[in-house]
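Below: a set of structures, written as structure tokens.
What follows is a pair of complexes built around chain A, which joins chain B in one and chain C in the other.
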Partner chain A sequence: MILIFLAAHGIGEPPLLATQLLQVSGVILLLTAFATVAVRLLTQVIEVYALQSLVLALIALIIGYFTGSTDLYLVAVLTILVKCIAIAWILRNATRRLHLQREVRPYLNIPASLLVCIFLTVLAFFVSPAVVAPGTFLNEPPLAISITLVLIGLFLLSSRRQAVMQVIGLLTIENGLFSGAIAIAYGMPLIVEFGILFDILIAVMVMSLLVTHIQRELITADTADLRRLKG
Partner chain B sequence: MWESSFLQLLQIAVVLVCAPLLRGIINRMKAIVQSKRGPSIWQPYRDLWKWLHKGCVTSEHATWVYHVAPIFTFITPLIVAMLIPVLTGYPLPYAFMGDMLAGGFILSLGGFFTSLAAMDTASTFGGMGSSRARVVSFLAEPVVILVLFTVALIAQATIPFVVNQTLISADYLYNPAHWLLAAALFMVILAEAGRIPVDNPSSSFELSMIEASRTLEYSGQELALMEWGGSMRFFVLLTILLNVLTVPWGLVSQTNTTVLAVLWAIVTLMIKMVVICAIITVIESSLAKWRFFRIPEFLGAALILAAIALVAFYLTHTA
Partner chain C sequence: MLLVFILLTPLLACGICLLAPHRRWMELTTIIAMALVFLLILLVTREVLLVGHSGERTGWLYADALSAVTLLVIAFVSFTAALASVGYLREDMREMNTEQGQALRQMKRYYMLFHLFVFSMLIVPISNSLGVMWIAVEGTTLASLFLVSFYGTGESLEAAWKYVIIGSVGLALALFGTILTYYSAVQILGTSYDFNWSVLAPVVGHLNPNVMRLALLFIIVGYGTKAGLAPMHTWLPDAHSEAPSPISALLSGVLLNCAMYAILRYYALAVPSLGHGYPTILLLTFGLLSLVIATLMMFQQRDYKRLLAYSSIEHMGIIALGVAFGGPLGLFGALLQIINHAMTKSMMFFASGQILLKYKTKSIDRVSGVIKIMPVTGTLLLVGGLALTGSPPFSVFISEFTILSAGFRQGYTPEAIAMLVLMALIFISVLFYLNKMVFGKVPTVEKAGEVSLLNIVAMGLSAIIIVLFGFFIPSPLNTLLHQAAFVLGGR
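Now for the complex of A and B:
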């Protein structure tokens, strides 16, 4: 399908402006991933996540413009609406009602977490040459960034106690897969995009409801306290 | 080549003369931001004049290390000033004495003797300040090494004169690796020079001082040498940031060594210094000094920026 797409559009060497813009956006994406690990305040983490989704939408716009596929324009607009606006709003409301507004004692402290993230980035860059689709617009590096985002999201999910931080980890994994799909295959079929965006929207709504109920029952949304099945 | 030797001496003279001006400019700008009038920008020169005319009072426990440290603090920035492009874009006679790594080590030689001298007087504040300053230095060292290695990778050289020409060529000017390296080096300079958020340079509370407590015991001419050396170290570090990594324009080129070009180089250097002093003033006025245990996070963030710069370099070169 990719080869038919390429043949139809006659894509050869990408223009220099496109490459430079995509390099800069890729690096900003990496920086936001590190920023989600480095900040403590929950409201700041949500803002960083909104920025990450905005950069993803910009990447989709740039690739859509230079390859001429209008699907990616629609995907970019939907990403901004669902991720930057709707999900950030839902998470902010959930955070407002929590007693604890910051990640106080993660399982691994912040400088050590940052070192682990550097290691994960290097790992992703070693892994990605084996998973490349030949003949695409931009070969390996964006795929390496997507794998980095997935790994950092997994790390966030496993090393944080606050439920909202774990939700952000899950959303970072989804962002990584989304950017990987754009890097390899110019986005997935439109109906798959709709499905995924709707799924994560519902997932975040359910999680914010759960967090509020947990908070009401247990006074804290610290998942370390949720060890027993009975209250 | 009398003009190369003359330019070399002129470079050292510029660093010597213009260094105290930086502190004066930053203090004046900070006062203006706070709606005060503030001291004149020439005040550090008046302080140096005052100290040079006073005698030294020495602790009875001090040894030769205490008396030798001001000399090292004064001389090491001047040696590094010979190695970096302060005024000229082409290498001067002594510029091949050492590369950027050697420059870094020479500057830390001065810091080494200052830390020893602070402990030499058997004062408790000096010992505390020394240990804290060493912690900041050893945390900043991986960042500096990573920045130097990435710059050497990009430019295929470690001499500053070669590096700055490569970094402003069309390939690298808009490369994210270049700007991430500049940001990482800026954060290290803030840490090494003892500016906010690492240390408050104008605090009088000895329990919280890092850099300033190392000169607490000095008086008279030795204090003048220490303070002047500290200002010159700050000036040299900023010159490395500006003329090697970020904005190496306005320097005298090999074909155009006239008096006018040299004057223009001095003027552009001071303009760049004023701009970066403005940036430092904005940072100092918006943040407070952080807890000492948050400094590893600050330097960890600088390490992340340098590591991402390295990754971004590979990103743009295996495609």
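Now for the complex of A and C:
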């Protein structure tokens, strides 16, 4: 069954070089996810996010090259344009407008956060074999890294009070899903990928505008101060 | 072609509102555009009834009976919400000079976002692509975000922030479900295929069940967040209570149903490969949990808009239960419940807008004697409250009764009894609060008289449907609902 599937799509055994390149970039991706948790200043987190997106674009390029899919080249270029350039620029601007509050403001301190992230990574490697079905070009590690990214994103979202940090958490989740889509299915159809990127761009614009409003009205961008609505 | 026009109308209206120099232009554009959308959707429904579908099977836009049901709900509530918006905003901004400056800009923003919101919701049921549907649902969050925070107060900004963060996390999970669904058919259709409902439909029995099992879980949790299923519902009461009332009506009457539509579609997609057992357990769990949480929160509610918001969570739970009970009867009941809830809840939110404008408070304790001060609003509020809690002879009674009898017939006796008990408890708490608000002591300071005539018209239109559907369901609609239940797999 597996062989028929592979033969039908002309994939064959994955070339050794491709596997190695992907493993290396997967590790870098994992490291950037840890870095978003480890750094202290908002501006640094944004740069780390831009780097993470760049690695993601590289992964799309590598898989595009070895599977001969031109769609993935386009996706890579757009990822760089939208995520590394536009979104990073919008977030930097929003941070500049926030003046004083540039720290990450964790509920949980950084060493403890990193410990949690190691636990999440182990968890992801543990569950990913259950997800992946046989018959795909790539095996478990890339998907495990995607799931790690999603989990770390969720962790950032729940453990950081700074509003911009929560946006970064969302974006990390999305990067994880994006790499997962490439890893298990060589990405979604092109138009869907474009739509998703466009959606994210608008979402970041809208959210940073909302953060500005919150900052102006409540003189804080600390989500711990948002607790008036209950019940 | 019709489907393209349906999407173009709100976009065009948004453009006109951008350029409109006067308040009246925007109001007129909004009402005419929504009336036009309503008309076009009626035409689409006719086509679906005659031919079975509208649009090309291979194209981007495609509507079948299930889409038509959702479209009808969107059309009706958007139209009444357009009427109510004009009435509500006129009254709300009475003290401001809305012909220029800040107030005009604010009003312009409202109407433009209103059209974008309706536009993104219209894409959901007629998109043939599963990916585009996800993009549209995410689009609804972004379009409605600044409508929720329209007043710019601390509370409304907090509600908007919760809404966008919780909604986006939910939709990220739904995206994962979408990707997994794509992956579940890779072994049959190859690594790049058109990700459309119509492409998946013929191979629906051969999807990889292991992957589909996981995908359905993520889809129900993800889209369930937008649909307000507990325990992912936490954004809902905040957003519904802080938004201007016509927007609350749109959120509750249409947006939740759009997300529910996505869940229904995936349910129909997953059942052939997974069997009934697993999807039923998921829907039963989330449905009952929503009912329990809504009941608990409604008993101790101090804010009437939040009360209505929790009632939406209750009804989404009932719809999920209807689908879980299944069979032609359960699915028919669930679809009818979608329509009835949308009509009733939007009317209740319009009424809450009237009360808010009159009493300037959202607190239940500070509102009393509505029927003396605003006779029409008071009467309709009472009718809506009775209908909402499932009292005969109103429409919601029929659909809830259908769902309950489906539950007993399909052998879900304990679940159906639990649903009945929780509904009875909600009946008690809603009527207790409504009784206090509608009758009660007439406050001395309030001047008598209705607030806005257009709001009354919007409520009246909904009320006619609520009463009418309590006695009989028009036969074309009946046929449409049966066809839609068939699409969902109730044969």
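As a working rule, the second predicted complex is superposed on the first by the 214 of 231 C-alpha atoms of A that agree within 3 Å, B and C clash if a C-alpha of one lies under 4 Å from a C-alpha of the other, contacts with A are read in each partner's own complex, and residues count from 1 in each chain.
To be clear about the criterion, a contact is a pair of C-beta atoms (placed from the backbone, for glycine too) under 8 Å apart; a residue touches a chain by one contact, two chains touch by 3 or more.
If you're wondering where the values come from, they're calculated on a predicted model, not measured in any experiment.
A.B. asks: Fit or clash for chain B plus chain C once both are placed on chain A?
C.D. replies: fit
A.B. asks: What is the contact status of A:191 with respect to chain B (first) and chain C (second): first, second, both, or neither?
C.D. replies: The second partner, chain C, only.
A.B. asks: Which of the two partners, first being chain B and second being chain C, lies in contact with A:27: first, second, both, or neither?
C.D. replies: Only chain B is touched by A:27; chain C is not.
A.B. asks: Under the superposition described above, what is the C-alpha centre angle at chain A formed with chain B and chain C, rounded in steps of 10 degrees?
C.D. replies: Here the answer is 150 degrees.
A.B. asks: Could you tell me if A:181 is touching chain B, chain C, both of them or neither one (first, second, both, neither)?
C.D. replies: After superposition on chain A, A:181 lies in contact with chain C alone.
A.B. asks: Looking at A:19 after the superposition, I want to know if it touches chain B, chain C, both of them or none. Which is it: first, second, both, neither?
C.D. replies: Only chain B; A:19 stays clear of chain C.
A.B. asks: Quick one: minimum Cα-Cα distance, chain B versus chain C, in the superposed arrangement, integer Å.
C.D. replies: 20
A.B. asks: Quick one: in the complex, what on chain A touches chain C?
C.D. replies: Touch list, chain A to chain C: 5, 8-9, 69, 71, 130-131, 133, 135-136, 150, 153-154, 157, 163, 166, 170, 173-174, 177, 180-181, 184-186, 188-189, 191-192, 195-196, 198-199, 202-203, 206-207, 210, 213-214, 217-218, 223, 226-229, 231.
A.B. asks: Would you tell me which residues of chain B are touching chain A in their complex?
C.D. replies: Per the touch definition, chain B meets chain A at residues 174-177, 180, 296-297, 300-301, 303-304, 307-308, 311-312, 314-316, 318-319.
A.B. asks: Write out the stretch or stretches of chain A touching chain B in their complex.
C.D. replies: 19-20, 23-24, 26-28, 30-31, 34, 38, 110-111, 114-115, 117-118, 121-122, 125, 138-141, 144-145
A.B. asks: Which chain C residues qualify as touching chain A in the complex?
C.D. replies: 129, 131-132, 134-135, 138-139, 141-142, 145-146, 149, 152-155, 157-162, 164-165, 168-169, 172, 175-176, 178-180, 182-183, 186-187, 190-195, 208, 210-211, 214, 237-238, 241-242, 297, 300-302, 306
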